[in-house]
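Next, two complexes with subunit A in common: one pairs it with subunit B, the other with subunit C.
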Partner chain A sequence: MSATAIEAPALPAPRRRMDPLGLLALPGIAFLFVVFLLPLALLLWSSIRGGEGFTLAGYWRVLGDEYYRGVILASLQLGLVTTSGALLLGYPAAFALARARGGWQVLLFALVFLPLTVSIIVKSFGWGIVLRRDGILNWLMLNLGLIERPVRMIFTEGALYAGMINVFLPFMVLPIYSVVRMMDPRLPDAAATLGASPWFRFTRVTLPLSLPGVVAGVSLVFSLAVAAYVTPSLLMGDRYMTMSMVMAKAFLNLRDWQLGAAMAAVLLAVAAFVVVGASLLQRRLGGGR
Partner chain B sequence: MAALRQAGHLTVAGAAKRFGAATVLDDLSIAVAKGEFVSLLGPSGCGKTTLLRCIAGLLRPDSGRITVAGRDITTLPAHKRNVGVVFQNYALFPHLTVAENIGFGLRAQGIRPAEAAPRIAEALALVRMSEHAGKPVTALSGGQQQRVAVARALVVRPSLLLLDEPFSALDRKLRETMQVELKHLLREVGITAIFVTHDQEEALVVSDRIAVMNAGRIEQLADPATLYGRPASLYVLDFVGQSTRLAGRVSAGGGGLVSVETALGPVRAPGAFAPGSRVVVAVRPEAVTPGAASPAEGLNRIEARVREVSFLGSRTQLHLDLPEEGEDRGVVELARLPEGIGPGSPVTLSFREEDTMLFPAA
Partner chain C sequence: MERLGLGIAWTALIIVILFLLLPILVVIPVSFTEATVFRFPPEGFSLQWYQKIRNVDGLLGALWLSAQIAALATGLSLLLGTLCAIALVRGAVPGAAAITTFMVSPLMLPGLVLGIAFLQAMREVGLRDAWWSLLLAHVVITMPFVMRTVLGSLAMFDFAMVDAARTLGCSYPVALWRVLVPNILPGFVSGALFAFIASFDNYPVSMFLVDVRTKTLPIQLLNYLEISPDPTLAAVSTGLIGLTVLVLILCDRLVGLRRMASI
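Let's look at the complex of A and B:
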């Protein structure tokens, strides 16, 4: 034989689908398992454990009792109002932040994100000082002659909403900002040269392109606000009970684990619904690209 | 195609624009005829994109007047001007398909879908993108994106089309094809078009006339042949094409020809300069022939030394060693390199007096 066929060495068929880099997630997963998943399972377990084995009594009490239903509705309402307020204030702010240049951008960044470095407790106390009967706002309005006697502001729902929006605003601005920053600012210009009015430009170009950021911000703020504990406690006390406040009371004062755990499960379901719904919505919005 | 035909007529009179301390447009005026292709050519920062944005209505000039087809549009917002723009990198709407991008302007102007559909189909066919109608624009190549951008701008029948560096996002080979294709397409549609570019070759290819811009002003507005053959200033000479340049001093004038003493010998050229004036002598690369041609009337002859030879395929460039530094430079293009010429060899170069240009020294 004068010619020898050169045989390619047989390569092993690729079997492993997973990138070995995926293993880097293992420590994180293990950590979450121990500190989050395990306690969560125990919590859920205690929500269905009664004196004689399995029971749904905790859920009956949370969902059947008018008082607790009211608490759930109040939490949802707080989440909704806070989210709407943060969206109304945060959406334009995110654009200003994304389009600002130089010193202005630094200043705006500081205005939005510096409050994050202040503890939520300090902030809520600060609101208390401002809104008290003898607080700064009443003093100011009295001296300006706008009111004749101090107005009750603290322990009102208006004050609670203001405080909540203040606390959660950065969580709305940040995701919208990060989307808007990547948006080509010439797209509205291009729409204008095609005869699109400012309103058409906003509804057909700017808004749809910023929607992924809006969905992220809304789901983040809503799931945080619906679970709020510190701000409502400090600004409203017992007058406005949220789910988290009921949970704390059940675990710490009443020693009623079944009630607290069932309420926690309902809150978890609400948050999961929002987060899963948002990520589905986001995938659909992003899928059109 | 005839449906897309509609022409305008643009005038800009005394436009000025300042950003802080910087004057970007300096009392600039230009008139563009119906159906004409005009390029605004200049380096970045010369004000060409600012002028384009002022015409489009995306910027308002501090002073001056802009009219299209006799209508004063100076203070009209962009969406009421009916001036189409093809943006640099195209600015296609990433959340819409090809057909939706093209139909955007029709929808924005409230045209019913039944009426819009055939116009979208016509525009798609015009740029040969019909089979891509349903694709997201992010899935297109650069050349295809450009075609969509052009169709999107044309489908609303603008009275004027502005194109901001429309070829800069394309690679060199595709760019050359698209330049000819786009020029042909726009000619067929019969629209008036303004190109903004910093690429002189591109300007020469696509334009009927070229406005060379410098520091917010138009340095020269002329057809490509005039611009190349009779540049109005050293700035235009430098910006469009290459040349051999020599500093010199006028020794004698009269009879429409002046004599100039240069470091490489005396040269005669048409012009009107007083004796003693400092001037720059310039000649285009292809106007020069090598070798000691027999002495003849009307020929200039200089002796120089070759520094480097660059082979460019269809022609060969000789870079000359010139005795003076600075403003002087020597670039000569030959169809064929003569025998025995290489780096270091002396050459005799001849060029006609009438091809020799004179500029006042800067």
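Let's look at the complex of A and C:
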């Protein structure tokens, strides 16, 4: 879950002749082939399998129907809002985290890291308590005199966005943090010695150097948020249908496998687009310097 | 201007931490309430909801099942993943980069797509046993975490050290045990931690594979939340949070927490 979260770790250059040691890779590869790749291929196959052979009916239903197009757009919008919110909050926070000293950094890091390890069900449940009519936020605002009677917050779109940002924010902060931490703090100073203004230093030195972390964080948060299931269904229910919710419904309630498989293929395409796009960007950022 | 930037950064970090901790900390006082609702501020103090955990249908069973599946899946991934990582680093395997990408690719897939693919495949081959389906699927979920961290530590390990130990009189297995293992232990621990958490918390894959009698903890919790939400759930959550903090402290003592950022 770092700057390289979506890229494989670098390997040493392969030697020419294969070693018998290489055979140790086989059990793992065979396992993933049977339990992961074959099922995935089967799923894609069933999205184009009709009553009599090949058909694109599933895709036609997903992409041609006003309702399902709306669901796809709603998921993309949810991903976009979550990602921008997380970036806006997470980018400056990652800088402060990277610049903290010694024991403070360990403590602050632990506080950002801890929520990652707490169950998403627990967090969504806690978020519900925060937003209830008799919950902590209404209680706080009432006592501060900001409002006169409790406001309905749960099951609103604003609450959904806040909940999503809450769940996915660490995935934005940590990659940016690990890039910024490695950055040489003397570089902006050097620019300052050369007479660069603070704004110039930020836009021409600091920001470009932190971009690999931003790309990693943005692609990670976007692909997670677009596919989110638990948080939207707990905070909004059927009022905000995402692609994942349609898929779950198609397979578990409607038993409409073709519809579910076609929706899964669309989501898969979005995810693949993000992953490939991010790694291309990452390569350009790395190679341009 | 410089000060302003730093001020913004620190304010953002404080907001981020408060925001992240808010939904987690809020369940703790609610779990000690005397009332039967989640009202805030909580009324009185009691441990009744902790006592009620035992009576909640299937909760302890689900906890046991999740722990079992997570531990076994993590163990299997460590075994298969480490062998594969050693082969990729040392075995001069053709297409090693492509194989590495393949081994970590389940991480990039939307969880629900993975779950649906399993569901369909299990039906196709007639595997109807929920326990086994869960275990197999969770090995796939946990594999990328193990592969990434173990590969990372192996790639940085200098195998000449093993040869050095052997010239100094260690046998090959002893050299591996006393030189290689301590060096890649941090990778092992953080990989295993992430793998365990990924399996233990998994909802989108498990939801397609459970049956009426075999339910993992997240599924059971969400069921319970939908049917009869009362502060028992807050008590369970508080227990889980305490457990997580304990595990994190343990891992920090073992390998240092900050190394985990680079998973």
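One rule holds in what follows: the second predicted complex is superposed on the first by the 259 of 289 C-alpha atoms of A that agree within 3 Å, B and C clash if a C-alpha of one lies under 4 Å from a C-alpha of the other, contacts with A are read in each partner's own complex, and residues count from 1 in each chain.
As a convention for this text, a residue touches a chain if its C-beta (ideal position, glycine included) is under 8 Å from a C-beta of that chain, and two chains touch if they have at least 3 such contacts.
None of these values were measured; they are calculated from a predicted model.
Engineer: What is the contact status of A:R101 with respect to subunit B (first) and subunit C (second): first, second, both, or neither?
Structural biologist: In the superposition, A:R101 touches no partner, neither subunit B nor subunit C.
Engineer: Regarding the shared-chain residue A:L187, is it in contact with subunit B (first), subunit C (second), both, or neither?
Structural biologist: The answer is first: A:L187 touches subunit B but not subunit C.
Engineer: Quick one: classify A:R204 as touching subunit B (first), subunit C (second), both or neither.
Structural biologist: In the superposed model, A:R204 contacts subunit B only, not subunit C.
Engineer: Looking at the overlay, does A:S244 come into contact with subunit B only (first), subunit C only (second), both, or neither?
Structural biologist: second
Engineer: Determine, under the contact definition given at the top, whether A:R149 touches first (subunit B), second (subunit C), both, or neither.
Structural biologist: neither
Engineer: Touching A:R255, do we find subunit B (first), subunit C (second), both, or neither?
Structural biologist: After superposition on chain A, A:R255 lies in contact with neither partner.
Engineer: Does subunit B (first) or subunit C (second) touch A:A196, or do both, or does neither?
Structural biologist: So A:A196 only meets subunit B here.
Engineer: Look at the residues of subunit A and decide whether subunit B or subunit C touches more of them.
Structural biologist: The partner that reaches more residues of subunit A in the superposed model: C.
Engineer: Output the subunit A positions appearing in both contact lists, the one against subunit B and the one against subunit C.
Structural biologist: Residues 197-198 of subunit A touch both subunit B and subunit C.
Engineer: Which of the residues in subunit A end up touching subunit B in this complex?
Structural biologist: Where subunit A meets subunit B, its residues are 184, 186-187, 189-198, 200-201, 204-205, 208-209, 288-289.
Engineer: So in the complex, which bits of subunit A are touching subunit C?
Structural biologist: Subunit A residues touching subunit C: 1-2, 5-6, 8-12, 14-29, 31-32, 35-40, 42-43, 46, 89-93, 95-97, 99, 105-106, 108-115, 117-130, 132, 134-136, 139, 166, 169-170, 173-174, 177-178, 197-199, 202, 223, 226-227, 229-230, 234, 244, 247-248, 251-252, 257, 260-261, 264, 267-268, 271, 275.
Engineer: Along subunit B, where are the residues that touch subunit A in the complex?
Structural biologist: Checking each residue of subunit B against subunit A gives 56-58, 77-85, 87, 91-95, 104-105, 107-109, 136, 138, 152-153, 156.
Engineer: Please give the residue numbers of subunit C that touch subunit A in the complex, ascending.
Structural biologist: Those residues of subunit C that touch subunit A are 1-2, 5-6, 8-13, 15-17, 19-27, 30, 37-41, 80-81, 83-84, 86-94, 96-97, 99-104, 106-114, 116-121, 124, 136-137, 139-140, 143, 148, 151-152, 155, 197, 200-201, 203-204, 207-208, 217-218, 221-222, 225, 233-234, 237, 240-241, 244-245, 247-248, 252, 257-258, 260-263.
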